[in-house]
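Next come two complexes, and both contain chain A; in the first it sits with chain B, in the second with chain C.
Right after this comes the complex of A and B.
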């Protein structure tokens, strides 16, 4: 990596809990190696986890063997994350967020992943084209 | 990434449950079943000690929320204790810190019922 190049992590992950664990491990290692503060790392770790978990749990079964591509770039003043995968269109930016209090008292055990992603990330964007989904997330970041 | 740890013990009419590990996609169904089984066996006033939880995702959170509702319907509640700082920060950011009853340690949580 040259002096002015942004650190980048690119990887493919399978659609299983075990693959997701490995993704989490490599993502955290990458963020720690590049001295990203623990609080920011934790939030990115969780948002990426929830995004891929959502694909595993709710993604099109026809693509269950198709990998998910993760690209993360540390480019102050932000960290940019892209998650690309094949499957039906599902725009998480268009979903209405739950009323947390009502959700809590209803006892629903699902439906919080999108709330987590959109709360922890500063910007979330989605594109769909020809069975290809791309979720882009941005977290503001200033190295200390 | 670390496996779910789960142990429960009776404290008078209350139950102290200690959980640990990563409360993720794989652990959540196990946690959901274990908590549900304890409630089915009569646990109502439950203190859930989170001291050894190193990670919590929405799936793990959902298992706790749904079993809290189950406990409330039975006249009890799940109260949380010993939450690690990392988990507390995420709870705060997500807005869950004011929804659960959270205590510094087991003693305070047990006394609160």
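Right after this comes the complex of A and C.
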């Protein structure tokens, strides 16, 4: 990596709990190696985990053997995350977020993952083309 | 992840050790529901040895809380790590569990 280049993590992950666990571990290592503060690291860890878990649990079964591509770039004043995968269109940015307390009291416990992603990240964008999905998330970040 | 269960006179004390995520959620859910369905006591959970909980894990806690309320019993999370507390706060649940 040159002096002016941003640290980047690129990896492919399978659609299984074991792969997701490994992805979470490598992601945290990458963020810690680049001295990203623990609070920000934890928030990115959780948002990325929930996004990929959502793809594994609710994604199109026809693509269960196709990998999910993760790209993270530390580029102050932000950290940019891209998650690409094949499957049906599912735009998490278009879903209306419920009032969680009312939501839980009404007997439902789903939808929390999307709420977490959109609450933790400063920007969430989604693109769909053909059968290719891309979820982009941005977290504001200033190295101390 | 492993779960320790201590059945005291008025309360069942549960201590969870390890992460609650996709790899462990099935066992976590199974054990907690088994306890919830077979007891008429209050339940206390210690999550201080849990470094990571995902939204499915939070969902299990919510379901157990609802089950306890139906019986007129309580579910209290009496100890919690800072990372788990953050997730519960994000879920607007820290006050529901009196943390």
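Couple of notes before you dig in:
By definition in this document, the second predicted complex is superposed on the first by the 143 of 144 C-alpha atoms of A that agree within 3 Å, B and C clash if a C-alpha of one lies under 4 Å from a C-alpha of the other, contacts with A are read in each partner's own complex, and residues count from 1 in each chain.
Keep this in mind: a contact is a pair of C-beta atoms (placed from the backbone, for glycine too) under 8 Å apart; a residue touches a chain by one contact, two chains touch by 3 or more.
Quick caveat, the model's predicted, so the values are computed rather than measured.
Overlap between chain B and chain C is detected when the two structures are superposed via chain A.
Of the two partner chains placed around the shared chain by superposition, neither chain B nor chain C is touched by A:30. Shared-chain residue A:17: touches chain B and chain C both. More residues of chain A are touched by B (comparison of chain B with chain C).
Once chain A of one complex is fitted onto chain A of the other, the partner contacts of A:46 extend to both chain B and chain C.
Judged by the touch definition given at the top, the superposed model places A:141 against neither chain B nor chain C.
In the overlay built on the shared chain, the residue A:116 is in contact with chain B and with chain C.
Counting contacts by the rule stated earlier, residues 17-18, 20-21, 24, 42, 46, 49-50, 53, 56, 100-101, 104, 107, 109-110, 112-113, 115-116, 119-120 of chain A appear in both its interface with chain B and its interface with chain C. Residues 17-18, 20-21, 24-25, 38-39, 42-43, 46, 49-50, 53, 56-57, 100-101, 103-113, 115-116, 119-120 of chain A are the ones touching chain B in the complex. Contact residues of chain B toward chain A in the complex are 1, 22, 24-26, 28, 32, 57-59, 61-63, 65-66, 68-70, 86, 89-90, 93-96, 99.
Residues of chain C touching chain A in their complex: 21-23, 52, 54-56, 58-59, 62-63, 66, 83, 86-87, 90-93, 96. By the touch rule above, chain A contacts chain C in their complex via residues 17-18, 20-21, 24, 42, 45-46, 49-50, 53, 56, 100-101, 104, 107, 109-110, 112-113, 115-116, 119-120.
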